[in-house]
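Single-structure report; data block below.
Per-chain residue numbering starts at 1, and chain names A, B, C and D are given in the order in which the chains are listed.
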Amino acid sequence: APFEVLDHGFLRVVDYMGDDGAVVQAARVSYGRGTKRVSEDAGLIRYLMRHRHSTPFEMCEIKFHVKLPLFVARQWIRHRMANVNEYSARYSILDREFYLPAPGDIAAQSVSNRQGRGNVLPPEAAREVLDILERDAMKCYADYETMLDPEGLGVARELARMNLTLNMYTQWYWKVDLHNLMHFLALRADSHAQYEIRVYAQKMMEILEAWVPLTAAAFKEYRLGARSFSATML
Amino acid sequence: APFEVLDHGFLRVVDYMGDDGAVVQAARVSYGRGTKRVSEDAGLIRYLMRHRHSTPFEMCEIKFHVKLPLFVARQWIRHRMANVNEYSARYSILDREFYLPAPGDIAAQSVSNRQGRGNVLPPEAAREVLDILERDAMKCYADYETMLDPEGLGVARELARMNLTLNMYTQWYWKVDLHNLMHFLALRADSHAQYEIRVYAQKMMEILEAWVPLTAAAFKEYRLGARSFSATML
Amino acid sequence: APFEVLDHGFLRVVDYMGDDGAVVQAARVSYGRGTKRVSEDAGLIRYLMRHRHSTPFEMCEIKFHVKLPLFVARQWIRHRMANVNEYSARYSILDREFYLPAPGDIAAQSVSNRQGRGNVLPPEAAREVLDILERDAMKCYADYETMLDPEGLGVARELARMNLTLNMYTQWYWKVDLHNLMHFLALRADSHAQYEIRVYAQKMMEILEAWVPLTAAAFKEYRLGARSFSATML
Amino acid sequence: APFEVLDHGFLRVVDYMGDDGAVVQAARVSYGRGTKRVSEDAGLIRYLMRHRHSTPFEMCEIKFHVKLPLFVARQWIRHRMANVNEYSARYSILDREFYLPAPGDIAAQSVSNRQGRGNVLPPEAAREVLDILERDAMKCYADYETMLDPEGLGVARELARMNLTLNMYTQWYWKVDLHNLMHFLALRADSHAQYEIRVYAQKMMEILEAWVPLTAAAFKEYRLGARSFSATML
C-alpha cells in the first residue's frame, strides 16, 4: 500500500536491491583477506559514513512510484543521479487533481529567510488563499478540457497543458542508489527545503530506517545530526 | 546579443572552452607518438563521430543563458549531464511574461502520433485558443500578485507561485560539454521533439556550426542525417 | 556458481532488480491512461530500443562480482555510469595470480588496425612469449613479497604493489543499470574491443539473454546487429 | 610551462573557463531581481560553500594535461565526474619511464593505519628497495620491447603491455568542473590519500588559489580546514 503524502500525492516502494549487508559486503571486498573480522557490521557502516566512503552505499538501489505536484517535481528532478520515467502530458491527459495546502500550511513570506515561509496566515486569510488557488486551478483545468475537446477545438495535448497551474499532480517512477538517496534526504529532509518536498523526504526517511537500519542510524549520527565547524571557528 | 527564441525567450552564449582543435588534441593524446600525421583534422573528427568515440568531444564546453517557458524547462532539465542554475521562484518574484504560440503554431492533436501535433487550427479557432491561454495566464498572474502583496495576504513566494501556469517564462544558466550537447540536439532538434523546445535546439545547431564547424559537419553526416538499419532489415 | 573467464578470472551475478516487466512498467507510466493495450510487451520493448528511448531500461539494475586482470580493469573502469568497489592493494596483499593468455590467443600486432592484433603467433613463438610473461610476473611478485616481508624490508603495501605487472588479477563488485550495461556491451562485446575484455562482455551477453530475454533480443536486432548509413551514403 | 610532479610526471593547465565571477554570476541568476546587492562576492561565495550549494561551482571548468604513474592513474580515474582521454597502449608504445620514489618517501607499512605508510626506511633499506624497483621495471620493459620487436616476436602492443609494471608513466587530458575538482581535492589532498596522488592534488590546490582565489579561500575555511562533530558529540 502506498504512503499518502499531501492531499492527493503518494509514495510507494516498487522494488529494492540490497540492504545493510550489501554495503558491508562491498566494503569488505576492498579489504580482502587483510580484514580483521569486524565484530559488528554497524561499526563498519559507521566508519564508512564518518569518513565519507560513499561508494559501498551505491551498492543498494531503491525504486519508488511517486505522485507529486508539478512544482515539487521541478525541485526533485534537479537531483541528476537518479533514474526517472514520468507520466507524459504530451501523450496523455492529466487528471483534474491539484494540490491545495492544508490551512495550517499556508504561511507568509519569511522576513529573515528570503527563500522560505514565516508565520502561518490567520484562518480567514488562509481561506481566501485557498479559494484563489482552487478557483484558478479549476478554471485553468476546465479550459484545458475545452481546448482538448476533440469535438471542439481539439488542440494538441502538448499545447493545451501549458494552461495548467503548477499545483497539478504528476507521477513518476524514481530509482536511486542508497548513497544518492541519502544525499537527496540531506538536502530535502532539511529545514531549508520547501515543506511540500520535505514531507516526501520525511516519509522516505522512515522507509530508510525500515530498509537499512544500520545505515539510517549512522546517517542520522554523522550527517543529519552532525555540525561542521569551520577552520576559523576551531 | 542574445538570439531571440519564441515570443519572449532567448538563448545567449555566455562562454565556451575549446573548439574543433581541442577535440583533435585530446584524440591525439590517445595515439601519442604512434600517430601517422593525420593530414586533416576533419578526417579524424569524422572518424571519431563515425565510430562513436565520444570522449574527445567531452573536451569542449559551452555555457548558455536561456529564457524559456516552464513546460519547455521541464523537458530540457531531463538531460542530466549538464550544469544548471535556475532563477528561484522561492527567492524572487517571477515576471508577468508567458508564452503565447504564434497562431500558425497552434495545432490539433495528431491522429497518427499520440505524442505530437497535427494540422494547424483554422484562424478563428487559434484566436479562441490564444484568448483562453492569455486570459488564464493573466488571471493566474494577477492572483499570484494578490497573494504576494505584502500589504495584503503576504503569502510566501514559494507557495504563491503554484498558482502560475506552465507557459510562464523562467531563466537559467546551462553548461554542457560538446558530446552531451550533441546528444541533446540529436533528441531535441529532432522532429519527435515538441516544437517549442526544437526552436531552441535549432538555434543551438547554428551556434554549433559557427563554433565547431568540423564537428558540426560530422554530426550532421553521421548522426542527424544517418539512418540505422536493423539486423533483419540488412 | 561463478562463470569462469580467462585462466583465473570469473564473473558472478550477486543480485539484480527488475526484468523485462520492469522496463515495460516504467514505459507505461509515461503513457498513463492514454495507452492502448499494447498487446505484447515485446513490441513495446522493441519500440523503445529502436527509438533510443533509453530511460525505461535504467529501471533495471544488476550487480556482478568480477575477477579480472589489471589491464582489463583499466579499460573497464572507464565506464563511469556504474558503481564499483575494488579490492584494495593498499589495504591487502594481492594474490600471486596473473593472466597468461592461451597460446592460441597470442597474436602479432595487426598491420591494418593499429589498435588490435592480427595473426596468431606460431607455437614456439607463443611459447617464448608465455615464458617471458610468466618469468617476469613471477619475479616481480617474488620481489613484491620480499619488499613486504615484515621481518625484512617491511615496505608499505601501497608502495610495494607498484612493482607488480599489469597482468595481475584484481576483484571488484560492479553494479550497473540495464541501459548502461547495454552501452558497455555495445562497446566491449564488439570486435574492436580487446579480446581479454570481450570475453567478459560475451559472458554478460549470455546473462542478459537469460535475465531480460525481450530486451536482449531487441538489443541484438537494433543495436548489435544494426548498421548505420551516413547522410551521404543514403 | 608544466609543473613537475614526482620524478618524471607533470601537471599542465591546458585551458579553463570561468573564475570566481562566473560562480557569482550563476548564483545571482537564482536570486534575480530579488537580490540585495551583496556588497562583496567573497561573502556570497563563502555562503555557497558553507551551505553546500554546489551547483554554481559547476559553472567553471578546467582542463589539465597530466603525466602520472599507472598506479596513481588507477586511483585518479575512480573520480567519475570528469572527462578523460588517455594515451593508448594498444595504439602506441609506452616510453621507458617509470616512477622511483625518492629515498625519503620509501616507508614501512603503517601499524596504526592498515591503508597507509609509517616510518621512513633507513637509507640502505631504501636503497635496496629502489634497486629492486628499478631492476624489475627495467627487465619488464626490456622484455616488453623484445616481445614488440617487429623483426622478432612482433607481439601485439595490447598484449605485450601486460608485462609492464604499475610504476610506468602514462598521460592524459583530464577536464573537470570546479565543484568536482574540489571534491577530488578534498579526498586526494587529504592525509589519507597516498603520497603519490597527494602531490598532484597539492599542486592543483596551488593552481586553484591562483585561478579562483575567493573560492579557494572558502574551500579551505569550510571544507579542508573544517571538522564535523557528530550528533552524539554535540
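Keep in mind that, in the parts below, a contact is a pair of C-beta atoms (placed from the backbone, for glycine too) under 8 Å apart; a residue touches a chain by one contact, two chains touch by 3 or more.
Keep in mind that what you see is a predicted model, and the values were worked out from it rather than measured.
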| item | value |
| --- | --- |
| B-D against B-C, pair bridged by the larger set of C-beta contacts | B-D |
| Same or different residue numbers at the chain C/chain D copy interface, by half rule | same |
| Length of the line joining the C-alpha centres of chain B and chain C, rounded to whole Å | 34 |
| Whole-Å gap separating chain C and chain D, where each centre is the average of the chain's CA atoms | 26 |
| Per-residue overlap in chain A, given as positions that touch at least 2 other chains | 31, 34, 84, 88, 91, 114 |
| Chain C residues within the chain D interface of the complex | 69-71, 73-74, 77-78, 80-81, 84, 88, 90-91, 99, 101, 106-110, 114-118, 121, 125, 128-129, 132-133, 136-137, 139-140, 143, 146-148, 150, 153-159, 161-167, 194 |
| Of all residues in chain D, those that touch chain A in their complex | 31, 34, 50-51, 114, 192, 220-222, 224-232, 234 |
| Residues of chain A touching chain C in the complex | 14-18, 22, 25-27, 29-35, 55-56, 58-59, 61, 63, 65, 83-88, 91-93, 171-173, 175, 177 |
